[in-house]
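The chains carry the letters A, B, C, D and E, assigned in the order they are written, with residues numbered from 1 in each.
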Amino acid sequence: MTDQPILAASGLTKTFGSRRDPHRAVDGVSLAVHAGEILGVVGESGSGKSTTLRCVVGLEKPDAGRVTYDGLDLAGASRDVRRRFRRDVQMVFQDPYASLNPRMSVERIVGEGLDIHRLAATKQARRDRVVEVLEVVGLDATILDRHPRSFSGGQRQRIAIARALAVGPRVLVCDEPVSALDVSVQAQVVNLLLDMRERLGMAVVFVAHDLALVRHLCDQLVVMQHGVVVESNRCADVFATPAHDYTRSLLAAIPIPDPALDRARRRRAAGEVPA
Amino acid sequence: ADPSGPGADGDTTLTFGVDGTVPNIDPVLADNSTVDQSVVPMYESLVDYDPDGTLAGRLASSWKVADDATSVTFTLRSGALFHDGSPVTAEDVKFTLDRAKALGLGVAQYLTEYVSSEVTGDNELTVRLAHPSTLFVGGLAKVYILNSKLVQKNAGSDQGQAWLASHEAGSGPYTLKTFKPNQQIIYVKDADYTGTKNPDAPDTIVYRLIPEDAPQKEEMLAGNIDVSDGLEAGPDLDAVLADGSKKAVELAKPQGIYIFFNTQRAPFNDPKVREGIRLAYDYQAHVKTILSGHGEVATGVVPAVMACRPDVQPFAQDLTKAKELLSGLAKSGTELHLAYQPIFSEMSDAATALQSSLRDLGVKVKLVTTDYPTYIEDLKSIDKTPDMTVVWDNPPTPDVGSLLSTRYTTKYVEKGTNFGQYSNPAVDALVDKAIGTADDTERCDLYKQAQQKLVDDSASMPIADEVTTVITPKNVTGVELYPAHVGYMPQTYRMSN
Amino acid sequence: MRLDLATAAPEAAPDAAPRPLLEIRGLTVSYPGPTGPVEIVSDLDLTVGRAERVAIVGESGSGKSVTARSLLRLDRRATVTGSLLLDGTDLLALGEKEMRSYRGRRIALMLQDPMTTLNPVLTVGSQVMEALRVHGVGKAEARRRAIAVLDRLGIPDAARRMRAYPHEFSGGMRQRVCLAMAIVAEPDLLIADEPTTALDVRVQEQVLTLIDSLVDELGMGVILITHDLGLVAGFAERVAVMYAGRRVETGAVDELYRSPRHPYTAGLLGSVARVDRDDPLRPIPGSPVMPTARPVGCAFHVRCAHAEADCGVERPEIRLVGHSDVACHHPLALREGA
Amino acid sequence: MTTVAIAATASRPRRKRLPVLDVIAFGAVVVLLAMAVAGPWLAPHDPYQVRLDRALLSPSGDHLLGTDGLGRDVFSRILVGARSSIFAALLAVSGAALIGIVVAMVATIGPRWLDDVVMRLCDITLSLPVMVMALGVAVALGPSLHSAIVAMIVAWWPGFARLARAEMRTVLTAPYVEAATVLGASRARVMTRHVLPNSLDGVYVQATLEIGGATLIMAGLSFVGAGAQPPSAEWGAMVENGSRYLSSAWWISTFPGLMITLTALAFALAGDALRNRSHPDSTLG
Amino acid sequence: MTPKDLALFVVRRLLLLATTLLGIVTIVFLMIKAIPGDEAQAAAGLTASPEQVEAVRRRLGLDDSVLQQYVGYLGRLLHGDLGNSIFTFRPVASDLSGLIPYTIELVVLAMLINVSVGVPAGMLAAARHRSRVDDSVRLLAIFCGALPTFWLAMIGQAVIGRQLGLTPISGVATIGLDVPRRTGFLTLDSLLAGNVVAFNDALAHLVLPAAVLSIPFMSFVIRVVRSSMITALEADHVTAARAKGASERTVLVRHGLRNAIAPVSTLLGLQIGWMMGGAVLVETVFNRPGFGSYLTQAVAHKDTFAVLGMVLVVGVIVTFVGLVVDLVQLVADPRVRLLEARRA
């Protein structure tokens, strides 16, 4: 881990809605992720997590703020840098059913990035690389010609991750990659991400609802509320000593899969806020 | 419902099925035969042709053509009254003629020679003409005299056009009860009519305007119409006649179906080619099948009912000769355009049949649609005039000269009435001379010579003279053809019990 | 907190009958498929006592919602067999009209997604009132009780908010309205089908707390359906785990969490991240099996780390192991210490 | 990390048996198209040969469906007319669909104002009924089958444009399109590889459904004289031509009328079947 | 949505309407320019003398630049001047104002039939989704949509009108039954005149054409009602309603139909315009005066101003109907209100 973050955003602001009725979805958000680090972003629905991420990867144009990649401001960056950014920063989406083009075979889906960035000289080279990344995510070569509709949600999410991995990114931005999956499958994907950080030294930005999962996975944590970062710290520290009331209320609501502990927690919580 | 019989109060009603549209009953539009039959019960003209072809006075008790034929003096029938009770005066006649001329519409076409009128008394006026013309008086048969005071009272800046479109201002045997544009017209007999009375005429006349074939036929079959000319021979007609309450009267019309060539342009500047086409058509079959027998094969350039016609053999098909005459045309591969008006099935049938015959002879024909106003417009330029056009033609007036001069003389080339743009000095001379000739026999002879020349030169291709079958209740008599009017003349019908 | 709900519950018999509130015996639900009927839920047994909280847990497609709907006989296309005894009355033997009078009044259903459970074109109030109106309660009375319930569930200014439309409410408020619709007629049994899946942890917590307090106050039984074992630990008294349309394990909550006997239950527990411990996640390999494509034998054996030869041959019957009912040929041993 | 074996049990949709009605509909469409292609070679008589001596013959061995008022063989004319009747409809619909798709694409990629302008234009055009529009065009270009086709394209492209645009907008926000963008795909690549292929299903289905309607409108136009002109054997024109003989020679207009209904029915059912397969019960219609 | 929002909505819609109308007018104007032939000649009538044509040309400003002409054309339109018909020799505007009531009467009755048959049929199919009833209704709907209107009209006339004698064959009223024309709507006028016989007669003349006109449209209504009801009935709130103990009737109407109003009303709004097109055929065959038969005649006689005037009028009517549909949806569907409120 170097001091220079690979990817950082500062002062991101994004407003939706009409001029008469503006709605500030993201308001001065800053975050940074270093190589080999997993950054978690949590906050309740509508707090601006997705919008922040979309601004970071360039799917949305922020009204203010800047995104730096390897210390270079993307706004004024050369074409070359921007191309490298496109290759090095990849994204995984929440809905595994909508994130794969239903008309493409697995080979074409996963290989698309290779085509775009001309990373495979021959067809065979492309195929080899596709098989390689499929194996990384725990799938095998037999599925190359199949289409997304014949896969389960967990398998799709693996394919989506493989697509991102194919171009050899340094940062993987994941917007709730497991929320739509079954509990058993969620754990598979989370383990996969951990494994990749280990093996490839990739940085990961991980957005989630599930705080227990975030605690399990992340090194750094950003807590958002109403488009604003209310807390940003090392993950363990946030859980140990939450600084903000909002964070505390979030933590208090996390269920514990242990009847006795959970009953106790619930009693505590009920005493505090019936809202 | 049996409206043909006496009503509860002994009144008689006759319902006519009228095949066409009448959006407007301004008599200035009476050049259109449907409008003509819609206004004729309500109005009178100065003169009209009787069924035997003689020109007789109506509102005019007498008229005198000046010796140089450049003016005519009319004396009006005394005591004639408009429906509002005001007398018919020479002023009204002058108003009517001036109005038509000023509007330049419809019957104005019969007034091309008209310059002005000079009223010389309540019942007398003199009309000045631009050129000597024996045709002028006959043309007045469809110029209906308007009640000038009534019209002026209701006129805006439009010469009363808007008002007359749905009101009447006439002196005829019937008054208007209701007029619903394109739907129905109801007339009631005017007890105070001052002309020759027809006591047996129906008390009420109803026109139902049904332009489409299908509903017209259905209404007839259902017995909702008493009088119709819309049924062809065949099962439909038989069905209507079956119960014995109806009869059919055949009337020969001064109307024929023609094909006109653009004689000013290749290939039809060659009379041989025109003849070839003429010989290619099956006239007998046209009458038998397309007209369902309601007509006769044409025997000259003017309809057979007209006077002053030369003896001409009926036209007939001769494919061998046609093939020979058309071989050059066939070889050239030229595609000829044949224009027709799609709203009239006889025309589209004839066009289709001719196209098929010519195809057998190797001549390519393309059918193109037109409509009457466009056609007339196109006739104003030789270039725009189609190679061939199939069209109904009826003489402007029953005087053969009116037809010969407007259709076949150089004066009318590119004027919109010479359908073939036909120009032949010999014909011009004969027709001009005839028109200026006051003597009947001599004039007639000149007309015959002109017609013979036109036939020999294949100036046009007359196909058939038409006959209408009028179906009426058994008790109706007096169904006759008045040559200036090709539609119904209900005021002349007589009903007996 | 005063309750104004007493008026419509004449038969809330507190004389603690030995008979459970709901007794499900051999519930089997099948749907017509392209090649004949497909059994989605097979041979399910479950009992719910008064004021008891029972959870049904299972992954997507395991037949939880089908079970819930069949308890109210909502699906005309479904063939439901077995017996469903509510207070001794077999629901499956009722005529459609009688059944209708049970729905909402005796058994209520609360659905997963608050946005789709509320009709977007009707006011919130009218939808809550509907649950009473269809059972013949007068308009004014229904209105009064609807307001009372909304008020009770913490909707501020309930009388005025009755006129609002669902989209004018926040997610948490909508969820309360759904709950209000379900309980306004004071049912004996509330079935909540994943009532909190789409919600944030905090709202989820609030809704469960509300249901909890209602159980205490009204003495109704609750079946809570969820896919998240983590969620119900502190809520339910008993838990039934379903896999591919079959119950694989039922037990008292403490027992089941401490020492799951079925490998699937253990797998689910191993997949849940715990905020209080740093255990690595131990996911179940593969993906859940649909009831429509159940493998022969134990449906779980293709994913099971403890599977042996007989698992792929014969379907294990439910039997009592320790304090739990388990359908497994090779149940896990009792865990020590926990 | 273990490699997960992908069991064959993964929910692969079972191939459904084609319903009988769908089979019939697709069969009828195929037969009709075959007729349109091969009609002229199948016709036992020259469909344009006027034989005034054989007019109005009732159906017989020689003239299976009788002859018309000019003695032409009705059966042969129906066979030959299939081409103008069906192809005209096909042409009109595919022309409208094509223009609609292109316009939708331009509106989708183009700047906001262009999108606004295009959609306004669609609204305006949609506010004029096809029949009225077609008659207007017939006046402008002269009545003919070509004008009728042009008119229908003019009247119908906005429908397709709206449909395609709506689908494209939806697809454009689909995560897989965003994924491609994040991968660095160019706008052109995104449009052609991802958006276009995934947004045309609705258009295809709609087009199939509309072909039946187009046949009817074409026939209607011919009926009022603004469509195909003699001697064309277009079915609507044939019905019109035969309407005079409805009570005496019913066969002249009845058979082409039946063919029109049959064609419309076949395409409507086929379109319906297509739609049910692509997304059952979810769209209009 | 506050009254202010509603007012804003209406104003915005009216502005939109204005641009649409302007668009239609522009298209019509361009069509006039595009049609070959001399406009002045057409306006003056074909038999007009060259001097008259020139006078008309000057009066209509046709010697000005195209832009000036466009402005002039707009000005004339504002005064209700649609030009003169070369066929009826009357101002197109006055022709149309006399005829449109007939068409509207026809379209309104056809719409009533359409809705009162189509909606219940669609609901029935949706309620019995995937049953034999559903299949038959669907098939019937498709079949209705495959019948050529003009053909149906001819058959209806021959069979129902003539052979069975159930309805009059053609026309709008029995000859001789006259009521004073006040509104132009025959049914309304006869009611105003207190003449029941005339009212029944007018209605009898309307029934068959309206039924014929409505049949193909019914096909769409049935299908749209069916599919949007099916969608609506699949929603969770329907399950919730059933779970409350609501009867099938309540579910169908309150939760099904109510939620299907938006797509159905959109379709019905569009259909009013399409019906005006369909009226062309029906009016021709039934010999009804009206907008359709006027249009066919105008086309047959190449009556440019009449055709374009009509295009304009239909455009205006359809656009206004669109506005009404929008308002209906605004009232009936709070989701639309939300959308509008957001857009404001």
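General remarks:
Convention: contacts are C-beta pairs under 8 Å (C-beta built on N, C-alpha and C of every residue); 3 or more make two chains touch, one makes a residue touch a chain.
Note that the coordinates shown come from a computational prediction; the quantities given were computed from them, not determined experimentally.
When the interfaces B-E and A-C are ranked by how many C-beta pairs touch across them, A-C comes first. Chain centre most remote from that of chain D: C (centre = mean of CA atoms).
Distance between chain C and chain D, defined via averaged C-alpha coordinates, is recorded as 51 Å. Separation between the centroids of chain D and chain E, computed from CA atoms only, is 23 Å.
Multi-chain contact residues of chain B (touching two or more other chains) are listed as 214, 221, 342-343. Within chain D, residues 2, 4-5, 10-11, 143, 225, 243, 246-247 each touch two or more of the remaining chains.
For chain C, the set of residues that touch two or more other chains comprises 285, 287. Taken in their complex, chain C has these residues touching chain E: 69, 72, 74, 77, 100-105, 108-109, 111-113, 116-122, 127, 130-131, 134-135, 165, 167, 178, 181-182, 185.
Across the complex, chain B meets chain E through its residues 15, 21, 23-24, 26, 29, 104-106, 108-109, 161-162, 165, 178, 180-184, 186, 206, 208-212, 214-216, 218-219, 221-222, 224, 342-343, 371-374, 376-377.
Residues 21, 120-121, 123-133, 135-136, 138-140, 143, 212-213, 216, 219-220, 223-226, 236, 239-240, 243, 246-247, 253, 257, 260-265, 268-269, 272, 281-285 of chain D are the ones that touch chain E when the two sit in their complex.
Those residues of chain E that touch chain C in the shared complex are 130, 235-237, 239-247, 250, 254-255, 258-259, 261, 332-335, 338. Across the complex, chain D meets chain B through its residues 48-50, 52-53, 55-56, 69-71, 142-144, 225, 229-231, 241, 243-244, 246-248.
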